[in-house]
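Next come two complexes, and both contain chain A; in the first it sits with chain B, in the second with chain C.
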Partner chain A sequence: MMQKKVCMLGGFAVGKTSLVRRFVTNMFSEHYQTTIGVTVEKKTVTVDHQDMMLMLWDLYGEDEFQHVRESYLRGSSGYILVLDGMRKATLDTAHMLQQTVVRTVGPLPFVAIINKSDLQSEWEIDQTIIEQLREQGWPVFFGSAKLGRGVEELFGHLATLLMDPSLQPRAHS
Partner chain B sequence: MPVDKDWTQLRTLLLAPEQTQLDELRERLDNRSVEPRDVSRVLPEAFAIRGGADQQMSTVLTPYVENGFIATVRKSPQTIVDAIAPIMGPAIRQAITRALQSMTEAFNHSLDESLSIRGLQWRLEAWQTGRPFAEVVLLHRLRYRVDQVFLIQRDTGLLLHHVAADGVVVQDQHVLSGMLTAIQEYVRDSFGATRDQTLNQFQVGEWTVWVEQGSRAYLAGVIRGTPPASLREKFRDVLDRIHAEQADAFVSFEGDTAPFQMVQPYLEDCLQAHYESGQSRNALKLWILGSITLLACCWWGWTTYQAHARWAHLVAQLKTEPGIVVTNERSMWGDHHLEGLRDPLATDPSSLISEAGIDPSTVTALWSPFYALDPQLIKRRAQVMLKPPSTVQFHIDGDTLVATGSASSEWGTETRRLASFVPGIAYYRDQSLVIVSIPDLLSQINHAAIHFSPGSATVEPSERSSVDQVLVVLRDLDHAVAQSGQRLRLEVLGSADGTGSVALNLQLSKQRAEAVFEMLKGERLGASTVVTVGTGGPLDRRGLASQYPAQRIVTFQASTEPLEPKSEPARP
Partner chain C sequence: MTSPSPLPSPSDTGLFNQVLSALDIALLEWEMNSGVLKLQGCAPMWWHEFPVASGAAILDLGHWSPFLRDFLTYVQQVWKDEPERTIASGPWTEPDQPNGTMTLEARALPLGPRKLVLIERLGSDFENMRSIVQRARERMLVEDSTAKSFRHTETRLIGQLEASERTKDDALALLQQLGLAAMVLDERGQVTFATDRTLEMLGLAARETLGRPWDQVFSFRKEDRLLMQHLLEGSTPTCSGGPFCLEGACTRWIELEIHRDVRHPTRHILVLNDRTEIHALRQALNEQASFHDLVGKSSAMLRVYQLVRDVAQVDTTVLIEGETGTGKELIARAIHSSSSRKNKPFIAANCAGLTDSILTSQLFGHKRGAFTGAIQDQQGLFEAAEGGTLFLDEIGDIPPQVQTALLRVLQEKEITRLGEAKPRAVNVRVLAATHHNLSEDVLRGSFRADLLYRIRIARVQLPPLRERREDIPLLAQSILGEICAATGKRVERLHPDTLRLLMSHSWPGNVRELKSAVEFAVISCKRNEVCPEDLPPEITAASVVPSSSVFIPLSNRDEKTRLLVALSEAKGNRTEAAKRLGISRATLYRRLVELDSQPH
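Right, the complex of A and B next:
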């Protein structure tokens, strides 16, 4: 079976772990427990009648004290950028992380998700910003780990991109 | 329009063949039916080209191939069986052999250990942990065993191949590979180490994890116990071989692990285990020792059981014995102890002890005397204390002593006085007792006669009852006389009839008296009684001649006389 390494990237507390947990075990917890280092999880998806095992590397969140270690990114086939709709700053973090990946591993397939859509009324990230991102070629999803919204689609889309990297729109920053 | 017409004619003339060809081509283009023959020519190449380009081909074909395969299996399974039997046969054989081998090994180990102290400890452990004994033995015997081997791609942390020893519980080997890689990165980063400096080994409880780094992939072995350094070399060797043989697969690796199926034998080669060897000589000694111990135990158990049974039987018997009350009994390591009450007249317990097959010297008995109220014992006690003549029978009726039969008036009065002093007796009844006086008895004896046939000195059988009657009376008399403090003198007198010579008659008389005397002599009479033999005509003296005219008889002459003082000890 095809196996792919996928990294979960984003600022701290944006919901990386929550998304992975929702996707793998279909559970969610309000309780915040920051990830130290990495947690590796596994889930098999089917793309085009073909099974693919996603090895999900859930990294700790990037903040001003801790920058993502490039060694964790090595060997990735793709990655997911997670943003917190309630914090505009997580957008900058996402940008920075994306550039880090391009610099260290190369232009890999990726998908972005603006998480916590259950609290959309309190979002700082508005429609115009999202449009800008899409123009830059980012596939942007909305989702909520809490409600399980957009999670399957997010990982499913990344899996399709992994299967056929030519589908990835050319990103330009 | 003639010009137009000419043109057409001209064109037809010039281009007629091409026109036909064109029409043919158009027709072919319009009805694009594909000729099977055409396709058949290019089909293999087409497959090859498309198949090499991407996975689409196999994706499209897979369902049809699957269906076809299923249909074939249903319709003619034998074809499939024939096809795969040559491959499956050896594989199954190998699997069975291996299973049998590990079973025998486990069995041998268990057998070796089943009798040692260590074995007992392990048995206890097996019982406590609920694991099979054989498994516990194997784990203790274990020097080391490689439980699992992972081949992991270095950059991605993806698991390329994995093997595990029989019976090892494997969690999620894929996640474990990822975490193992992540941990290595973490440790390396945390210490600022370079890429070549790696985490080579770490310890988790009884497990050691060895990591052997290669340029493309690394080998991780989960080992239980203490592995030897040579195993490290083995890992290294295997990793090098894999790198050499799979160089292409490593370069083109995109997440498809199928090519690495080939490394299975190499990884299995790493699944080594080493156990302490059992010492068979010791095992034999152990067996012999064990058997002897077992026999000794059996023998000891049997004898102990028997001794115990004997003792229990004795105690039960003593408990039913009248006049014996067991209040405490103990039996330990062959020593017995008895405590209780015993009537002096009860059966001697030591005789019962010997009868029960127990050595009396091993028994300490502590008997306190008491008067038992069992009827048998009261009767025995009454007999001892009241000394009834043989003509008296005693019966116990509750707390009443009943005397029947006959006795002298002296004994009668004495007993009436003494009976209630016998422990256990409150009342005495002698209404049915016939009291006979000494004079009565004397006259009874003196009137008795034993008859003889003419010329014979033999007591006829018909006369025996007469002798017996004399004996009964004599006994009573003896008893009564003794109690009255006198003594009895008895003469046995023989006589003959008048026929024949005097000398002969005298001799016959004497012989007859002696014959009767012989019969009386067997009787144990009191020392105070004197029996003598005589002859003569006492009948005349006593005026009995008319009664016994024939005079071929033996008669008795009984009389009492006062006892010389101190010739007999006083009665109690």
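Right, the complex of A and C next:
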């Protein structure tokens, strides 16, 4: 079966672990336990009648305490940029991480998700910003790991991108 | 690890295993060609708990740890260029028994041709580090949300502030647009707000108004200031007062509405209404209807008012002629108070029925002992009126000797007290009045001609009331008002029938008689309206059988007959006929012409 490494990238506490947990085990916890290092989860998805094993690399959140090791990114087929709608600063982190990926591994297929849509009324990231992101070519999803909203669509969309041969990474040093 | 063969010799095996176990490290030899990882030495505790690790100590990487497989791929790539480099994997998590996770870290170690992989289970140091990072991140989240809620509150407050600023601006614009003169006083009575219109009315700039106490802003007279103070201290939520006079370059009259601010009852909102124009109009109206204390707007009276104004401008002696009760003294007072002497005394003396010596002493004063009873020096009225006006009523009744003395005073402008020899200079304007025909008195020899000419330099002739009947309603109403104010009785008006009776009476006693008739009526009156039966009987009776001398508006035919009868009775003498009818000669003439030109 085809295996694809997918990195979950984003600022701390944006919900990377929660999204993976919701997708893989359909569970959610309000309790925040920060990820140190990497946890790899697997889930098989079917795209165009073809099974694909997603190896989901749930990385630690990027901040002043931990910077993403470029070695973790190697071998990725795609990635998911996670933003917290409640914190505008996570947008800057996402931008920065995206550039790191491009620099390290090249322009991989990716999907951005603005998480915590169950609290959308308190969001700092507004429609204008989202429009700007879309204009930059970012596929932007809304979702809530808490409610399970938009999670399947998120991973499903990335999986279809990973199937598209035109989007596959070229060899990168 | 500089030895080319670092692996323990059989004799060191025991120690070697103890060290690995104490460090919780699994040591694997990596056969790079086959890709097989072989456990060396003793396995740590966690290794045995891990189900996928085979007892044969060969690790199936693909199944066991995708992370480790990925790491080793990476190591292979790096070693191609840097075969001597030790490479660390960084921490990663694997499932642990039961349902837990463990965090591991791998290190790839090249020892010459042999390649080792050490996998360490991260222990308490790692957990400490994790909990510090966890706490730091939680702290940052809390701070973030606090800052956010501050920002939220700030935004909301700024929004509210802006909204209220906008509302304030709108209200202000509205006020300015409406041209409303309004101001706000704080609890200390200081102006905190005033519209442009207010400033314009006060004739002040904003900086001269805001923050200043109201009594410095309103240039009120003392009595107005006290009244305003009283209104502000009152307990009613809304009251009004005025007109108040704002003194300044151009005097303004304003009325004030004073509202307590419902939100802060110690503050006041004042609305100012400019009443200057209305005040001026009212004054003009009053002036037309009355002049000083004289009431009436008949053409005869308007002529009198003009005459009074004219003679007030000069300082000559004036003779006021008029029947008894026509208000000659009022005319004298009006002349005085319109003249430049208005701030000096006005003294009125009635010369009728006084003996020679009493009148002389009264007018000129006397020296002590000048006559029996003259117990001390006494100044006379001339001296008392120094600088002002002396009004001599019934001048026609002055005895001849006094006439002589008076003439001398008028010529010399000095008086001599009775019993004194030395004259004293006086500066007094003399106004004289009489109901006599003084010319006739001169002819009869009872009045000195030279004195007459001396006092008749200017003349004011007051018409009798019957010649200005149109003033009767105004006069009666004004008298009614005065009486009610004096007695406290509330009689508001005169019944039309009462008025009709008053209009038809001949009033030989003129205004004085009218006044006593209204007084009488008010005393008798039981309602708030004077009815005919309240009037004195002579007036009611006269109406039943009208006297021949009374002019009553009748039908034109009747009137003409009456006028003609009167003329024939007076043998064609129009003056006499007019007298009989109780109208002026001019009126008689005018009515005759009018009736003649009307169709019968």
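The working rule: the second predicted complex is superposed on the first by the 164 of 173 C-alpha atoms of A that agree within 3 Å, B and C clash if a C-alpha of one lies under 4 Å from a C-alpha of the other, contacts with A are read in each partner's own complex, and residues count from 1 in each chain.
Following the convention adopted for this analysis, a contact is a pair of C-beta atoms (placed from the backbone, for glycine too) under 8 Å apart; a residue touches a chain by one contact, two chains touch by 3 or more.
Source: prediction; values computed, not measured.
Of the two partner chains placed by the overlay, only chain C lies in contact with A:Gln66; chain B stays clear of it. Contacts of A:Gly85 after superposition: neither chain B nor chain C is touched. Contact with neither chain B nor chain C is seen for A:Gly10 once the two complexes are overlaid on the shared chain. In the superposition on chain A, A:Val40 makes contact with both chain B and chain C. Contact with both chain B and chain C is seen for A:Gly75 once the two complexes are overlaid on the shared chain. By the touch criterion stated above, A:His49 is placed in contact with chain B alone, chain C being left untouched. Look at A:Pro139: by the touch rule set out above, it reaches neither chain B nor chain C.
Look at A:Gly150: by the touch rule set out above, it reaches neither chain B nor chain C.
By the touch criterion defined above, A:Met2 reaches chain B but does not reach chain C. Looking at chain A, you'll find residues 5, 37-40, 42, 55, 57, 69, 71-72, 74-75 touch chain B in one structure and chain C in the other. Within the complex, the chain C residues that touch chain A are 65-67, 70-71, 73-74, 90-93, 101, 103, 105, 126, 129-130, 133-134, 136-138, 140-141, 144-145, 148. By the touch rule above, chain A contacts chain C in their complex via residues 5, 12-13, 32-40, 42, 55, 57, 61, 63, 65-66, 69, 71-72, 74-75, 86-87, 89, 124. Residues 1-5, 37-42, 48-50, 52-53, 55, 57, 69, 71-72, 74-77 of chain A are the ones touching chain B in the complex.
Remark: chain B residues 55, 59, 62, 153-159, 172, 174-175, 178-179, 181-183, 185-186, 188-189, 254-257 touch chain A in the complex.
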